[in-house]
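Accompanying notes for the structure given below.
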Amino acid sequence: MLEVVRLCKAFGSLVVTDNVSLKLEPGERRVILGPNGAGKTTLFNLLVGELKPSEGKIHLSGADLTPLSIEARARMGLARSYQKNNLFNGLTIRENLELAGARALGLSRHLLRDTHRDPRLRDLVEEVAEQVGLTSRLEETVEHSSYGNRRQLEVGLALAMRPKVLLMDEPTSGVGPGMIQAFHELLHSLSRDLTILIVEHDMDLAFDVADRITVLNYGKVVFEGTPEETRASELVQEIYLGGWDTDA
Amino acid sequence: MFQQTPLKLATLALIILGLLLYAILGGYFARELVIEVAVLAILAMSLDMVAGYGGMVSLCHGAIFGLGAYMYAIVNVLGEGSPISGTLAALAVSGLFGLLVGAITSRTHGIYFIMTTLAFGQMAYVLIFDASSLGGDDGMWGLGRGDLSGLGINLEDSLQFAILCLLCVPLSYAVLSGVLRSGFGRSLVGIRENEGRMRALGITIWKIKAIGFALSGTVAGLAGVLAAQHTMFVSPELMTWTVSGEVLVVVILGGLGTLIGPAVGAVLLIFLKHALSSFTDYWHIVIGVLLILVVMSGGRGVYGGLELFWERRRNSLNKQEV
Amino acid sequence: MSDLSFWLVQALHGLQYSMLLFLLSVGLTVIFGLLHFVNLAHGALYALGAYISFSLTNWTGSFWAGFFGAPLGVALVGISLYLGLIRQMRKAGPMNQVLVTFGLIFIFLDLCRILWGDIALGVEQPEIFSKTVEFLGVTYPSYRLFVIALGLAVMGGLHLVLSRTQIGAMIRAGVDNDQMAACLGINVEQLFFFVFCVGCALAGIAGAVAAPILSVSPEMGTSILIPTLIVVVIGGLGSLPGAILGSLLVGFIQTIGAVVAPQLASILVYALLAGVLILKPSGLLPARS
């Protein structure tokens, strides 16, 4: 589904992404783990289109994404969520989701039709709101919403795009323990029509949700395997400095 | 986001009916004022679409307005074309100019954006000013109004022309509000709120901005045509950057981002100017002080403040019911 | 006049206009670059300077009273503006600053009309510079040479202050990164205030100096504003070399252009402005790296 072929990114003489190759099968849940400075964020930005690679290619269902802009990749079915909330703060949660959904339904180009009244859009928004647990808060403005709710909306926006591939950047960053469980459940509940790649710090999430785990260190892929294999790997243990840190 | 509310529609109705009554009952001078208000209201609403809703503060709308007026004059006087063809040409040219400005400036923001629009507006002004065939500083005379005699309407009559201008106000409002409620219009607001996220959702930013500016420009051009037909004369004075500044002032006085607010601002400014100038030559000071006060007190404008008050009252009543 | 001497005169005209633009734009650019404040009223301050110098010159019979009094007067006005309005609006967005200073333009316009009337006024050139000078085969008014010399002197003086003095270093630091400068213990508020007043004083000098050449009228502020803004943006906000380059470019294009190809010249200046804004918004000689 999503294929990364020998991707490299150098800033001057500093090589941040070093020959990274990945292959995600349709419906797969892949988590990218790695210590700070391993190049996870850069890899993420390369996939999303914020950065252009020095070398290598990215393919989505065989189509070459590498030369495409951020918006073009989004139109090809690649959705992303941000590590730091990047929402439409002045608008309501419903309006936020409508913006994403309208694009997905091709309503953004219409010049005179009132999209707010479109039943398909309504349904889409309500469906996604249900998925991320925001149904009762649709009319709230983002400005007045709690951090946790905004984190949910972050994912909601990406889901409302009805993407083929969902790229998530540390989705539980800054989220309290109660809500982390909700995130685990949300990720489990997502349909296998969706292929998901998550860049994460949180080991628990990785082991719980992932089909396969890729571990980066110093910009290189140093390990790839199932959660069990990852847990058993001495190399990975060493990278994370002596044993697993699995707090809730 | 734009929402069609009863308050907005009521305000629109009040403005139109009030001005209509004034035109009918007042004399010739009253009609002159009404026409001025209508033209300024249309221009200000067009600016609000890109500035208030699109977040693109343009200082070239005066120039677009003037371009519309001049295009009408060129077709009608130099080309001896009909008023209809003059109007269509004006709308096309002002729309095209808007499209270009919107597209070219799509990557600039903040003060740089404002100044770039200023630059483009000045370019248009200088082009017109220096064109000797267009009369230069003296302008062009002899423009004609439309001929609706087939419908029994005589536009040479000031009352009937005033009514035409008044009708164009709700027409412009309908077009602009329709666009703002559409998927396209919402994308425009989305870009204002968070351009980066809109890109990540798959929107091509420059296209939305360009089309938004084009639509806004077309409505501004309509205002230009009416102004040209009103005085049956055009001069480069229509296009100076201070005109663009004044339109922005009207938008702020009425209420940025409310669509009907700028129309309120137009009514306020024209009547205030008229009232003040009847007993002093120095009404600029009053407008200047008023503007500063409005901005310093939060910048919501007259109608904007009213709308906020109305919303708060409605919300607190709703809470009481619950 | 021979061809060469004609062009020499035009070049001198261009240089003189550039110097005038420089005096105005250098104040504006440092205010922009340091305070991040869009002051559209800068042109109005220039007009005020011209009017004050007119009054002082008339009252005392000496041009120099106006020349030294105008910057003082305008600086005083600047102080009250800063304390009353500008300081508060510094953090407001560009649109609000544009609106507020636009309001100030209106107010100053009518204030000048109330105090000095609508008719254009004239100021006499000072005795010392009332003759023409002959050199290199041309005859040129010595007053205009004085303007050029003054501009160059201010250029040199400012360059020295910015590059060799403590306060100059603080200003450059503030333009580069005002928050960091504050962290280093630089009293940025005081600096802003000082720079704003100096900027106003420069506008006042520009007005006093322009008065004998251009006529003093209420519109002179708005008509010089656009070229000044263009210079500031083309050169680069907060950049002294930028203000120098910008004023030379705009001054020469407008003056020589008016003779050679008037329509083209005006459009060229705006096209240059638009080009810089779109391709290199930080200006041709940016202050920040």
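All chains are identified by letter, namely A, B and C, in their written order; residue positions are counted from 1 within each chain.
In the analysis below, a residue touches a chain if its C-beta (ideal position, glycine included) is under 8 Å from a C-beta of that chain, and two chains touch if they have at least 3 such contacts.
Small disclaimer: the values here were computed from a predicted structure and weren't measured.
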Name the most central chain, where centre means the mean of Cα atoms.
-> B
Pair of chains joined by the greatest number of C-beta pairs in contact | B-C
Mean-CA-position distance for chain C and chain A (Å) | 52
What whole-number Å value describes the gap between the mean CA coordinates of chain B and chain C?
-> 33
Mind checking the centre-to-centre distance between chain A and chain B? Centres are C-alpha means, answer in whole Å.
-> 43
Residue set of chain A touching chain B in the complex reads 48, 69-72, 74-75, 79-80, 86-91, 95, 98-100, 102-103, 107-116, 157, 161
Taking the complex as given, what residues does chain B use to touch chain A?
-> 1, 178-179, 181-187, 189-190, 193-194, 196-205
Mind listing the chain B positions that touch chain C in their complex?
-> 51, 57, 59, 104-105, 107-108, 110-112, 114-116, 118-120, 122-123, 126-127, 130-131, 241-242, 245, 248-249, 252, 281-285, 287-292, 295-296, 299
Could you please specify the touching residues of chain C with respect to chain B in the complex?
-> 38, 85, 88-89, 92-96, 98-100, 102-107, 109-111, 113-114, 222, 226, 229-230, 233, 262-263, 266-267, 270-271, 273-274, 277-278, 281
